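The two complexes that follow have chain A in common; it is paired with chain B in the first and with chain C in the second.
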Partner chain A sequence: MKKHRTWANLYLIVVFIILYMPIFYLMYYSFNSGGTMHNFKTFTWEWYQEVFHDDRLLIIVLNTLVIALLSAAISTVVGVMGALAIYYVKTWRVKNALLALNNVLIVSPDVIIGASFLILFTIAGVKLGFISVLLSHIAFSVPIVVLMVLPKLEEMSPTLIDAARDLGASQWHMLSKVILPFITPGVFAGFFMALTYSLDDFAVTFFVTGNGFSTLSVEIYSRARQGISLSINALSTLLFLFTALLVVGYYFISQKSSRLYGIGGRK
Partner chain B sequence: MMKAMKSNVRNAYLIPYALWIILFVVAPILLILYYSFFDIEGKWTFENYEKFLTPIYLKMTLNSFWYAFLITLFSLLVAYPTAYLLTKTKHKQLWLLLIILPTWVNLLLKVYAFLGIFGTFGLANAILKTIGIGAKQILFTDFSFIFVSVYIFIPFMVLPIFNALEELNPSLIDAARDLGASAWTTFRRVVFPLTLSGVKAGCQAVFIPSLSLFMITRLIAGNRVITLGTAIEEHFLVTQDWGMGATIAVFLMLAMAVIVGMTGSRKRGK
Partner chain C sequence: MKQDAIIRFERVTKQYDGVAVLDDVSFEIERGKFYTLLGPSGCGKTTILRLIAGFIEPSEGTIYFHEKPINHVPANKRQVNTVFQDYALFPHLDVFENVAFGLRIKKMKQADIEAKVKEALRFVNLEGYENRRIQEMSGGQRQRVAIARAIVNEPEVLLLDEPLSALDLKLRTEMQYELRELQRRLGITFIFVTHDQEEALAMSDQIFVLNKGKIQQSGTPKDIYDEPVNRFVADFIGESNILSGCMIEDFLVEFAGKRFECVDKGFRPHERVDVVIRPEDLEMTAPERGKLRVRVDSILFRGVHYEICAYDENGNEWLVHSTKKAEVGEEIGLYFEPEAIHVMHVGEADDESDEK
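Up next is the complex of A and B:
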């Protein structure tokens, strides 16, 4: 039995090493003055300085953050409304149809979403750039928010709403004083998921970004296609620290809502 | 009066959401279908479908499915034991979080890391040299494509299986052992069938995206591996033949519908 445990632990350790090795490999060589991802020469901050002096890159980081925050905020509002709409629908046939339509974008591969949005924006005459990227990010984040909020609504006892109504609450009061406080953990979880999906997205953005506007993922892709440049490593270290902060935030919120929500299968 | 107002408010919730469905779910699908009937000059034609049914495209489709199958299989083989062993650890929620954490690192950065690791002088070749096998060309091979893809997808496979294992009633295992089943029989006849929903959800979460991984094929496989996703990207963004790209997308959507139908509706949020 004891021997079993050692093998089990060994297996888990190997899995964890493989999962984290590439990330730490990137970070380690971000300090290499040699300029390559092998043969560590001497320690240097050079690549970090390069990142902070690269105005183009900093603007792209800013773009990415603005897109992520805006799209997460807007998709949270639309998603909460969607969850309420689905919650209020009483016929199961309509409910299932709405849920099925909701899930289409979650199970669709990114290239299909990207290609179809590219056609959509071209036909609608939306110029490819900030607006098209923002709209696409809102579009693919809405269903995730709905799926995070809906279980919370279903959990809520309907007698709460009845009680509020009996006590004379208006629709607005019912929403702001009863429903929203109850579903807050779901709303935050949805917002965070939307944020991470937006920050992480590459394929959809790549299709609808056009010339002149770029997000971080697209920029990393075009730089990586030209080969290894250690400023990407430096950037990834900075991003990893930033994400770790986000994850800690998300963890505390999901602890509050008692359960780690499923991380959808996109990408 | 009261009732009318109430349903008005409810309809108000529905309006933005319904708009979203029409604009970003229904319209894109219809547009893809519509565009698949046009050739590169904008003439109405069935040529794209004829072209898709030629051996070149069918072989590419089969290839793409074969790679996706291999990626799903290897992810499952790695992820199932991982999920199973994770449920046995102390602080399992923390360990699970650590499995999920790498998914928050940008996918492209992880792929980029493998450019270094699998490179001619990278870590993988250094290890191969020290154990006496000698340096090999790893980058730009099928192996590197599958390895990196499996690496990317492992967390998405672990999570649903972990949740399914957590929901399993442990007294069922005790019962099987009491009735004289060996550890292997217990696993084969009790544990695995009862966690099949998680396995299916995981396979769905891996198989569909792996049909369309064009960035990994471009960066790691050096255009050696052409998947459906790569072909769609190529037609839309490089050759500008949207009709053909849309036709491939139609087939990818059909494949997706079949897979979703086969693996059942995905359990979410739980």
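Up next is the complex of A and C:
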């Protein structure tokens, strides 16, 4: 029995090593003064300095953050409204159909979504750039928010809504004083998911960026293909740490909300 | 009596997908009384409550509130408040804010809200619990918060949807006293829904017994217990011996193969009837002194009394409650007063309610 467990643990460790190895390899060489991804010479901050002196790169980082925050915020609003709409659908057949349409968007390949957006924007005459990227990011984030918020709504006892109406609440009061506070953890989860999806999206963005506008993932891709500077490594390291920070932040928020409601936060 | 009616149902029917949950029901609710809607699950009692609260609208008929039709008045515009079965307290608010919910919606001043919430919490014996979170309260305490949240809005009618069903027996009995007391102090109308006949008998001024979407009988607890109108009511309210019989003439009824003197009259001669005798009205005596001879089949000790199950020579089962013990297999006599016999029309209010 005990031996069995050691093998299981070993397997787990190996899997994690394989998954994290390339990332740590990349991070390790971001401190290499040798300028290559082999033969570690001496420790240096040089590449990080280069990143912070690269104005073009900083603008792209800013673009990426603005896109991520804006698209996450807008898609959270749209997604919550969508989840409420699905929640209020009475016939389960229609409800399931809507939910299925929502889920198809999540599982369908990014390449197809990206290509279809490219066609749509070209036909509609939308100039490729900030707006096109923002719109497409909102579009693929909304289904994610819906998926995070809907279980929270279903978890809510319908008598809570009856109780609010019974105490004189109008539709607006019901939403603002009962439903929204109840689903807040789900809304936050949806926002953070949308944020991370937007930050690391490559495929969709690659299709719909035009000249003069780029996000970090697209930029890293094009620079990595040229494969000259270790500043890419430095940049990737920073990005990884930022994402890790988001995960930690999300953990604390869900911890707080699960304590608040006396129930397990996300399952 | 008429001017005291707060709520009046006039031939109200409620259907779901063509199935009537409530079938052509009419009744009146008066000011300041404790009403109980009693019936098995699915009898339509909760439907009546939801109709009064305004969560659903009747399919046919009219509901009057102070003689004004309120069929289409939404729940948030009605002068009634509900205590829900699962309490439906808001988990993101503390006790104070839960109780203050209705007042905040009315945009009352903060000082007034504080005073009113304090008073409501005092009414339900929860002073000092203002800042507790709902998750920290026990079932009985949540129950009280739910009541405070309802009464703080000063409704004319308080609706209670099986509020005691989630509590344990001891707490439930305690809350029965408290609810009755609360109703007297507030002087408002309570409409209480339950499937527990003891609860209904103990607390109510007036009971409506419901079955299959119809009111079988309404009356005081004593009326309903002593004079059930049909087999269903007699069977649902307390334990009873129900036998088929024949009304020979006024004051003379035949059942179990014998004729007995009784106090009922006004039946057609030789009408088929149902006869009820409550188990506690049967007295055990020596075989030769009883009106009936029965053989004891089984005996159960119930604490306050023995529950004796016996059969007469015609095979009718007799349930007897007695403080005296009997032996299994023993032959005993059963004696009862003429007043103990209650004669009912067969199927009244069940199938022939239109005639009534």
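Note that in this section the second predicted complex is superposed on the first by the 252 of 267 C-alpha atoms of A that agree within 3 Å, B and C clash if a C-alpha of one lies under 4 Å from a C-alpha of the other, contacts with A are read in each partner's own complex, and residues count from 1 in each chain.
The definition used in the following text is that a residue touches a chain if its C-beta (ideal position, glycine included) is under 8 Å from a C-beta of that chain, and two chains touch if they have at least 3 such contacts.
No experiment lies behind these values; they were computed from the predicted model shown.
After overlaying the two complexes on the shared chain, residue contacts for A:Pro181 are found with chain C alone; chain B is out of touch.
Within the superposed three-chain arrangement, the count of touched residues of chain A is higher for B, of the candidates chain B and chain C.
Touch criterion met: A:Leu167 reaches chain C, while chain B stays clear of it.
When the two structures are aligned on the shared chain, A:Gly212 is found in touch with neither chain B nor chain C. By the touch criterion defined above, A:Val247 lies against chain B but remains apart from chain C after alignment on the C-alpha atoms of chain A. Once chain A of one complex is fitted onto chain A of the other, the partner contacts of A:Ala115 are limited to chain B, with no touch recorded for chain C. Of the two partner chains, chain B is the only one touched by A:Ala8; chain C is not.
When the shared chain is aligned, no partner comes close enough to touch A:Gly125: not chain B, not chain C.
Contacts of chain A with chain B, set against its contacts with chain C after fitting on chain A, overlap at residues 260-262.
Of all the residues in chain B, the ones that touch chain A in their complex are 5-6, 9-10, 13-14, 16-18, 20-21, 23-29, 31-32, 35, 78, 81-82, 85-86, 88-89, 93, 95-117, 119, 121-123, 126, 151-152, 154-156, 159-160, 163, 201, 204-206, 208-209, 211-212, 214-215, 218-219, 228-229, 232-233, 236-237, 242, 245-246, 249, 252-253, 256, 260, 266-270.
Across the interface of their complex, chain A is touched by residues 53-55, 74-77, 80-82, 84-86, 88-93, 101-102, 105-106, 133, 135, 149-150, 153 of chain C. On chain A, the positions that touch chain C within their shared complex are 157, 159-160, 162-170, 173, 177-178, 181-182, 184, 260-262. For chain A in complex with chain B, the residues that touch the partner chain are 8, 11-12, 15-16, 18-23, 25-26, 29, 36-39, 77-78, 81-82, 84-85, 88, 98, 101-120, 123, 139, 142, 146-148, 150-151, 171, 196, 199-200, 202-203, 206-207, 216-217, 220-221, 224-225, 227-228, 232, 236, 239-240, 243-244, 246-247, 251, 260-267.
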